[in-house]
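What follows is a set of structures for review.
Each of the two complexes below includes chain A, the first together with chain B, the second together with chain C.
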Partner chain A sequence: MQPVIKARSLRKIYGNNKALDGVDLDLLPGRILGLIGPNGAGKTTLLKSILGLAPVDGDISVLGMDPRRQRTQLLEQVSFIADTAILPRWLKVKQALEYLAGVHPRFDKNRAQVFLQRTQIQMDSTVRQLSKGMLTQLHLALIMAIDSKLLVLDEPTLGLDILYRKQFYSALLEDYFDEGKTILITTHQVEEIENLLTDVVFIKNGRFNLNIAMDELHSRYTELRVTDEHVPQAQALNPIHSRPMLGGRAMIFESADRAALRALGEIKTPGLADLFVAKMQEGASHA
Partner chain B sequence: MQDPWKDDQPIYRQLHERILGLILKSALKEGEAIPSVRQVASDYQINHLTVAKAYQELVDAGLVEKRRGLGMFVLPGAREKVAASERDKFRHQELPQLVARARQLGIAEAELIKMISKVMKESD
Partner chain C sequence: MHKLLIQLKREFWECRSSFVKTPMVTAGILMGLLLLGVVPWHSKISGVMQQHKEANPLEFKMGSQVFNELGQQQSITTEAGYLVHGLATVYTVFAIILLLVLMFYFVDTLYSDRRDQSILFWKSMPVSEHSTILTKLAAGIAGAPLFYAVAALATGALFLAVFLFYAGFLWNIPVPGMGATVLAFFKSSLGLVLGWWLLVLWYLPLFCWLLISSAFARKSPFLLALGAPLAVAVLEKWVLGSHNIFSIIKNQIVAGFYNFQVLLHGPGAVFEQLGSTLASFQLWIGLLLSAALLAGCTWLRKNRWEI
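Moving on, here comes the complex of A and B:
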């Protein structure tokens, strides 16, 4: 299968700051990739390089095109929701639909209208009059009506309440996603989307420190819940992270022998949020 | 509200178990369609591969079949198959766990049997 995104040795330097420091990425069609990292880790730079919005060094191909040289062609097949609202505040909803129908060859105005009918949004409202949640719904209506192959979402639910967040992901899965489409999403709300992802990347200081399919997590990472009496034995097996819990500790191990760990306590596959904390702090205590 | 998933088992296993439960109590009847992968993915906000994996196990176990263009259907005899394997699981997994727990609490065999009879009578 032809990857949707194929990137090798991506580098981007802003002054003294390495926003991307040699990043490789392969993303296949039909996958949902979560790109997770602290602020300033290089997430947005990577998204911009994929969209052709920022020049980078290295090899990158998106849907078989070079985003740096074929951006217009590429953006016909890629949808993008930025984390900052970009629609002008005076624009009416119906004008937004007319505008996109005019400029985008793959925009289906009818689909956008059908989607908007399920919301409280009025066609005559201006962007200024919409609540933050409604504005996200409008963005969603616009991009879902575009028959794109790749959808890039940068913090799509930031600042939304839980109801809107749930609606957002439900609509995404029901009305947009299918096996021929691919989604790349950045977010801080790891717990909410971890079951939705097929792949996950952790990024820190411009480098990936995790890049794995979700269904392979269990074969590489193990969380052990161990009572105080077994803590020294577990510690000797070199956990990458250890946190206190009632009556003992929860430790995360990389590429460990599950049978050996099982003898010491309860084991499970770590949740993404705990694994994220572990990978972000890895090495920090020795520095 | 949907039940949260437990974290000691992969979600596809839990989804699989849930569907077995629905077949067992005939909430999903033989001959009827089960919800589409897309529907379940959207309802539970889990990815389609997870749902597809759970469904594939049902197909492999001979409980549902895929009809091209129509979806997945519960096969005749599925309920009895599920019931048989669940009885087996009760006998070999759940019952030993219950006995082990009783031992841990110092409940003797005769006392445990008495308790079980009482609960069974009360729930008749």
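Moving on, here comes the complex of A and C:
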């Protein structure tokens, strides 16, 4: 299968800061990839290179096209929401629909209207008059009405309350996503997207320190909850991370012998947030 | 084609008040002044006549007769040429307001969406930067002037109607015939359109300079657009003791407006002027510079748009 995104040794340096330091990525169609990393880790730079918004060194092709040189053509099949606050404030809702219908060959105006009817958004309102949650709903309605092959979401739910956040992702899954589409999401709210991802990438200092399918993650990583008395034994098995919990510790192991761990306590698959913390601190404690 | 049209529409959605409302309001004010002006003037003239009648009851003739007699002595008859002049004055008011509006439009249009980050929304659409910039230029030099022209012509038509009614009916002054009046109106309308395009030929480099300032500036595009040439001109004066840059810019501005003023003389003069304009070396340098500045805008929008 032809990957939607194929990137090889992407590099980008801003001054002394390596925003991307040799990144390879293959994203296949029908996947939902979560790109997770601390601020300044290179997430936005990577997204910009995929969307042709900034030049980077290395090879990148999106849907077989060069995002820099074939940007206009590429954007007929790639949609993105960069941040919730970017809709122009003077734009009216109906004008947004008219504009997209005019410039975007894959935009379905009726579809967008159906989505908007479910919300409180009025056609005559300007963006300025909408609340932050409504803005996100509007942007999502516009984007979901585009029959694109790749959707890139950069912190799409930043600053929204939990109701809107849940609504956002359920709409995305129920009304938009199908096997012909591919989604790439970056967010800090890891827990909320954990269950919808098929793949996950952790990025730190411009490098991927984890790039794995969620199925594989379940078999490779194990979290052990161990009581104080078994801590020394568990420690001997080289956990990649250990954090205190009530009456003991929770340790995360990579490619460990599950039978041996089970003898020491309760085991489960680590949550993405805990694994993220573990992987981000990896190496740091020894350094 | 539809895509370009909707992009043009977008500019009008954003700049509705300066592109559409301003010429309408200007026309409203000018029409109001015109109509209001007639009333006091009329009562003043009537008053003078009355005094004249009381002072010299025997000699007094009707005002129209006075005018008629005067008309036989001197050329008080209104010629169609005067009408063209009068209309040109009306149109010049609109042109000056339009130039001010365009100055602010061009200096802001490639900056405001970068400042509020909405550029990312526009950049998520399958529209090339090249066509965005050309649409904005077209909206400024051709789109907005359309509304200003309609407003100017409507005001001009009212001006003619009031003038003819007042002079012809109220005071019985010989006025040009219907044919000559309509011809004067069409001549000056055509002069207005052609004069505008002559002006654009000269002002294009200035418009493009404002655009590139708008695309380049991180803080105040206006300051950059005004400050950079000023700084270079002062530097030239200081180092070389000459003032060529200042003269060139001044010439360009004066030439543009001089060309627009040609509309005073109707379309024939405009065509004549077009000949000498196209023969001007400075004009062609200016147009080449405009093309380079536009290419620069496109590059900046692609590569250096973040503030």
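Please note the rule applied: the second predicted complex is superposed on the first by the 286 of 287 C-alpha atoms of A that agree within 3 Å, B and C clash if a C-alpha of one lies under 4 Å from a C-alpha of the other, contacts with A are read in each partner's own complex, and residues count from 1 in each chain.
The definition used in the following text is that a contact is a pair of C-beta atoms (placed from the backbone, for glycine too) under 8 Å apart; a residue touches a chain by one contact, two chains touch by 3 or more.
Values in this document were obtained by computation on a predicted structure and should not be read as measured data.
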First (chain B), second (chain C), both or neither touched by A:Val114: neither
Touched partner set for A:Thr72, first chain B, second chain C, both or neither: second
Which of chain B and chain C A:Pro105 touches, first, second, both or neither: second
Which of chain B and chain C A:Leu158 touches, first, second, both or neither: neither
Which partner reaches more residues of chain A (counting touched residues only), chain B or chain C: C
Partner chain in contact with A:Asp215 - chain B first, chain C second, else both or neither: first
Chain B versus chain C as contact partner of A:Ile86, first or second or both or neither: second
Chain A - residues contacting chain B, complex: 30, 32, 166, 169-171, 173-174, 177-179, 192-193, 195-198, 214-215, 218, 266, 268-269, 271
Residues of chain C defined as touching chain A within the complex: 2-3, 5-7, 9-10, 13-14, 113, 116-128, 303
For the chain B and chain A complex, residues of the former touching the latter: 5, 7-8, 10-11, 38-39, 41-50, 53
Chain A residues within the chain C interface of the complex: 51, 53, 55, 71-76, 79-83, 85-92, 95, 98-105
